[in-house]
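Below you'll find the structure I mean.
By letter and in written order, the chains are A, B, C, D and E; residue numbering begins at 1 in each of them.
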Amino acid sequence: MHITYFLGKIARALFTMVLVVTFVFVVLRATGDPAQAMLPEDATQQDIEHFRSMWGLDKPLYEQYGVYWLNILKGNFGQSYRDRRPVTDIMAERLPKTVYLMTLSIVFAVIIAIPMGVKAALNRNTFIDRFTMGTAVFGFSMPNFFLGILLILLFSVKLKILPSSGSDSWKHIILPLLTTGLAYIGSYSRFTRSSMLSVLNKPYIRTAIAGGLSRNRVIYGHALPNAAIPVITIIGATVGRIIAGSIVIETVFAWPGVGRLLVTSVGARDLSVVQAIVMLLSITIVTANLIVDILYGILDPRIRTKKGGV
Amino acid sequence: MLKQKNAVKEFFRKVPPLIFIAIVWIIAVFLIAIFHKFIMPQDPVATDLVNRLAPPSFMGGDQGFFGTDALGRDTLSRLIRSIYTSLTVAFIGSIITAVLGTIVGFIAAHFKGIVDEILMTLVDFQYAMPFMIMALLVLAFFGNNIILFVILLGIQGWMRFARLARGMALSAQEDGYAVAVKQLGATPFRIYARHIFPNVSNIIIVQFTLNFPQKIIVETSLSFIGLGIQPPETSLGSMMAYGRGYLMSQWWMAVIPGIVIFLTTLAMSIVGDWVRDNLDPTVVK
Amino acid sequence: MNSDLLTVSNLGVDFLTGGRTINAVQKVDFSVREKEVVGLVGESGCGKSVSCMAILRILGETAKTTGSIRYKGTELLDLSESGIRKIRGKEIAMIFQDPVTSLNPVKKIGSQLIEIIQLHSRLSSDSARKKAVSLLEQVGIANPADRLKDYPHQLSGGLCQRVMIAMALAGDPNILIADEPTTALDVTVQAQILSLLKRLNRERGMATILITHDLGVIAENVERVFVLYAGLVVEEAPVDVLFKKPAHPYTQGLLKSLPRMTDDKERPLVPIEGVVPSPENRPSGCCFQPRCSRSTEICLKKQPLLESLGSGDHKAACFHAEI
Amino acid sequence: MTTGIINLDKNKNSSSIMQIKDLICHFSVKSETMFGKKRRLRAVDGINFNVKKGETFGIVGESGCGKSTTAKLVLNMISPTSGEVLYRGLEMTNLKPAKWRALREDMQMIFQDPLGALDPYMTIGKQIKEPLDIHKIGIPRERREKVIKILASVGMEDYMYDRFPHEISGGQRQRAVLARALILEPDLLVCDEPVSALDVSIQAQVINLLKEIQKDRGLTYIFISHDLRIIRYICNRVAVMYLGKIVEEAECGELFKNTAHPYTKALIASIPVPDPSFKKERIILPGEPPSPVNLPRGCRFSPRCPIAIDKCRENEPLLEDKGNNHKVACYRPGEL
Amino acid sequence: KQEVKAETAKITTMNVAVPALPEPLTVGASTTQARYRVQYNIFNNLIEFDFKGTKGFMPSLAESWKRIDDRTLELKLRKGVKFHNGDEFTAEDVAWTFSDERFFGEKPIVGHTRARGYWALFDRVEIIDPYTVRIISKDTDPLAVNRLSLPQFQIINKRAFQEAKSYEEWSNNPVGTGPFKVERFASGDQLVLKAHEQYWGGKPYVDTLIFRSVPEESARIAGLMAGDYQVISNVSIDLIPTIEQEKNLAIEGGPIASFLATMFNIKKPYMDVNLRKAMSLALDRELIVKNLFAGRTKIPNGINDPGYADMYVKDHPYPKYDLAEAKKLVKKSAYKGEVIPYYILNDYYPNEVNVAQTMVEMWKAAGINVQIEIKENWAQVNADETEGVRYFGMRNTSNTDTFGDPAGCLWRTYNKSYDPYKVLGWRGPLVDEFMELGKVLDTSVDQKERYKAFARMLEIYDEDPPGLYFYMNLSISAKQKSIDWTAYKQVYMYFGPENFKQ
């Protein structure tokens, strides 16, 4: 792997992040006055001005922008207008919840989806394949809120075996996990299937069979490692999107993570919070991409010398 | 003429039944969308507060086939109208996505260097900026109207098209027909419009069939956070979002549009996969 | 007759794809004797590869194989999946046309080689490694111990083909099928590989089936030749007989269309007119009849069978074979 | 064929249509090691040759020795690192795109892989017609006629006009490519391995066709191949390339009779002869061709050369005329 | 059998699911429902309003009060009241709560001076002795007592406020005198309150009270059914039957003192008085209330409520439904079928989007073409403007009755500083009269005079309507039947010993 290649990637990632933050900054400041959103509708002009000067919103945009970055460099991500708490504190409280839920969901989905996809590929056009396809499409076409509520009705109301919402105990995570997991299983298994299918036709698989290897050895020892790359890509993409992907699920299950925070903060024009989340988000995505790149290198030695990437 | 007829025949002979059913479903849904004005049994926005929340007729209701919603509006008519809005929004959105992405991809591949860098940074930017958040920001801040909404959906996923088109164009430039045509003296525009585009179009179409149902789903999620199609206009997503509150009492309100979404997505995916498996231009038979 | 190690008779292969049936191999008969090098020759698409892959049953599920393939008296087509697995690599090994893509790109060649070695012998991983090194040495790779750590893409085509050959040798097979082992390689490297194969045949007494479309390669390397056309064996002969007295008009045409180093430059090449029919629309009667100058009524009606022409070793499937 | 934009004096230097002077083309490639920087790949490393009007100039050599790169340089499809390409005395490097496009009427190229060179989504006829559309030759209605004529001249029937590339055979595809190149009536045709992908019997058809057309139209060919049998059969003069350099150049007969360079010798010896009774001396070169990134010191061929001496490993021999218009770059020519 | 068990089993932790929690927690930071819902459990007012019954104003932290003059109110404070931090409640705390520094000044620490809108006449607090304070107004203030019962004016602990490292720290962990003290607060998740053992009103009946933020209604109801929550708020009308079907669940709540209404943009040329009146006549309010609200709310006669006691104008006519008359008026009006954009928020008020769609259809029947545009927040509702005219033809609003007097509702929301007059073009002789009458409400201590003024103001509202009123807003909660808790006629959810026993 080229060190310069990665340095370049990181530089570009940083640049992208700056771009994202700038975009969000501009959209946020240019399109709505937080004073109006935060204050009640009959707030007086004086109130509004006081609010603005309190949060530095009366300064010209470029100055606000500069101050914003300066503060970030100092490790200060600002304060929430609404919570009146440092953004870092709020994130420290919320982020672990999201990460916990989403990583478990992804792990869960990977464990189920990959064997499922392999099985479907090996039994192409059979019932197993159709079933996998159906589940997969069901998983990603049914909105999370719908699935989530169905699961709540089934497991909490009817069977009374799992709590309906909240995040107090390990039991609380099961339903949200199932809901997100199902959606991920959908896309992972389909990717695994199609990637397996294309690999199974490759000459080296024929070589492995001609050498006398057993079926399992051919599939898991030779085909799967090669099929892994597109699957890794899609997993990487979901890892990068854990925050965005959790918005709906967190709302349905009253899961106090960052996704829900984002929605409420956007609604309230809580600028510092929105910006911090978006920045975090682009960092996750960019990091996930970077990790995927490194994994590519590990999985596929050819990429180490090529100008890799998807 | 005769040749075409044979091609059609050949097509039907070659198509497995499952794919056939899927295609029929898609066509049906599109026909419903196109002719919705003529097949809606009632005005989809006409309220009838006395006959509200009626169950579907197969469950004993007497207010139309799928019953009525919380304002006594005919669910079947609303469903048909929803199919129209959802499909229109998704279709126009997908076209915008495909055109935008492909053009950007071609431009990047053609000019290379700094142009490529800039456009690819834009692609990175889009990747780093999840669509839900973009939608949240833009719709929340600029207000929601149908045109903005469609444009926004058009932005969803363009970067995938851009990368695809760029990759294809780059490899086409390297060798093969594009080089051959170029050395005949063709201008770049001609090469892209007449040669590279038709060749990429297959893959674009496949991507389109994947992107299209995604748009319906995205619209559904946006409806959930209140940013979808606005009432009294309706869409499959907003019907579901609206019906979710009634899952305990009038479950069909969310389930019926849900089934339509599921079947349409399924059909699109099946057809998309099939197209991809069968139209791979590298495997010319 | 000398004892046949492998006899393929009446082999037919159909592919069922997209609701159609493609008759890739119509009727192929050939045999390999112990320590013999036979050649299968014919133009692209005539069924050479498919016939050989049918022997190891690695054609995949879409293929339907008929006929008989007997190896040392065992019918391979009747073997169970685990039975045929014991034949693959151990009794009959195969190397493929494009060596670079035929090796697993994400695994070191060492591990691919050792995997095969351990599969066919109960060697510890240490001695398997030693055997791998010695195999690479035998196929003429310099610094074999270092090469084990390389990935396929780090090797040139010639080296990859040598690795493939080493992998094929790992199970000490009795028959090596070499499917166009040199077409993807450079001329000078091709010469290296062919001489390597010759040496291995000599030293190990391993029977070899050499598949190629290059009559030059056939002439220099094999003892007996089977000429294929449109999924059929149209001529079978010892190599010198074939080149001196080709009997089938197709074989004759092939030989005439070759530019030769000894030829007069002004003499135009004599191509066979027309093209090979695709498996889906083969002509009635003799498959070669539309391109044949000697064709008559009967050629339109009947597919001639492969018949002996006087000397037992020379057979041709033609009503008008030249003797 | 000359377009208005460019005035070529066709009589000047009439014997030589194409002159290549000290042509160098280096690519920069990423190195394989972690901290390595970009390195030079010497694809074409200083070559000179003249192509005379009406002749067939052959270039032969192993894969990666720079044949295709040379072809592209000759047609100016890529720009050289340095050196000159003179077409009828006109310096072609650094042409403006419009001029460059106009010049395509004079020189054409056909490629190794006819399937790749044809757009799979356009009918054969339209593709052959395309150069006419591009250069706006003739009135649109008559173009079709012209295509059918040219189709006939490459031995294809008119119904091929509406076929798609995948619907016709390999030999027919190569004919179509040829027809497309010929329709502009060029003076120079560069053929980059035009028959390597074809079966022997079809190879013969195409080679015969090429020869015929040359006779009819007085075309000049630059013919690239790795197959010496074909080169010998079709070329007047041959240049043998090894790792970006020409190591031997001579009239065809001379080259095969008095082969001077050991590499050429080895190449000829490597050709399998379709005659079991022919017993030839075998020269099996050791090792693999080195990469154009890591050139050996001295003569590029020295590591594989059976007769290399110390001098060969020190200094690179120059391409010198040994009389009879036979040029060779070797310290021990003809000794193998 | 199970039911019996449920009734006997005492709970130590009460789980209450609400759609959102306040942020931050402290008093006076904003006026959202989320805040008011929980606030009464932590803080007390000096004077309390009886939201449950009809007792009117009751002593709370003040045991008694009397008017000294038009501008001065003297209060005797309750003795022995303990704050959550153990401090004794004294006049100092009152003075601090009402100080300029914290609340009423130009640049208050709280951030904005929302409170001032509710008490523009407030001047200062005078401490007479540790248990006596005087509240002094700038002018005659007949409503000082009413105002003291507002949630904005709940009493906080001075020491805790001043000792907090920052306002931020304080505001998320405030100290009051209410029955519960803050144990843990995560605004997106839960608010955990612990019983305040020394609560002056007696020890609460549960040890722990948890408000959980559960935004999705289905999840709240499911949680209630599953027994995860004892009480939930914000139940929509259509789901009432679902809950009532369950034997162990019960519905609580009903109409609250808030009028759902709209404001017209009278600057629009077509929005003349005839059209405005026609729009009211075209609405079949009964039908809406009966079907969309299951009859659970009521239609008021003007912005006028029986809770005003002697100020209630009983004879003011109820709004009429008369389509024919409406059509006639439309004909007479300047309206020529223009699209009237109707800006609303997405179900900010219960069932609002449904109601709006229904009304659009009703207006359509009268030939009035209204088009709903759903906005995301108030800023969007108000922001659009060209040449001084807002884009909307009409927007939604609610007129909340803050303290049982028309001055806190009709007058508070239609005075000169409020939108209809200020920006929406509600002008004319009648309006001038309205403004004059309003002053009487504000400054007169003569109830008769005030009554007469109010009655006339109601008439003016009908004659030259600045907006429409529809029905009373409502707040529906649900609970486990075994829980002895009642909902107030407000969104407030109170679990002190006075309102929850077991």
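The rule we apply is simple: contacts are C-beta pairs under 8 Å (C-beta built on N, C-alpha and C of every residue); 3 or more make two chains touch, one makes a residue touch a chain.
Just so it is clear, the structure is predicted and the values come from calculations on it, not from any experiment.
Note on connectivity: the fewest steps through touching chains from chain D to chain E is 2. Where touching is counted per the definition, the chains common to chain A and chain E are B. Taking the CA centroid of chain D as reference, the farthest chain centroid is that of E. The interface with the greater count of contacting C-beta pairs, when C-D is set against A-C, is C-D. Rounded to whole angstrom, the centroid-to-centroid distance between chain C and chain E, based on C-alpha atoms, equals 90 Å.
Chain B and chain C have Cα centroids separated by 50 Å. Inter-chain centre distance (chain B to chain E, centres taken as mean C-alpha positions): 45 Å. Within chain D, not a single residue touches two or more of the remaining chains.
Shared contact sites, meaning residues of chain E that touch two or more other chains, fall at 218, 222, 376, 380.
In chain A, the residues touching two or more other chains are 32, 145, 149, 153, 157, 251, 267, 305.
Taken in their complex, chain E has these residues touching chain B: 217-218, 221-222, 236, 238-239, 241-242, 287-288, 290-292, 346, 353-354, 356-358, 360-361, 372-376, 380. Interface residues of chain C facing chain A in the complex, by the touch rule stated above, are 53, 56, 58, 81, 85-90, 93-94, 96, 98, 101-107, 115-116, 119-120, 151, 153-154, 164, 167, 170-171. Across the complex, chain C is touched by residues 202-204, 206-215, 217, 221-222, 225-226, 299-302, 305 of chain A. The touching residues of chain D, counted against chain B in their complex, run 75, 77, 100-105, 108-109, 111, 113, 115-122, 130-131, 134-135, 165-166, 177, 180, 184. On the chain B side of its complex with chain D, the touching residues are 175-177, 179-187, 190, 194-195, 198-199, 201, 281, 284-285.
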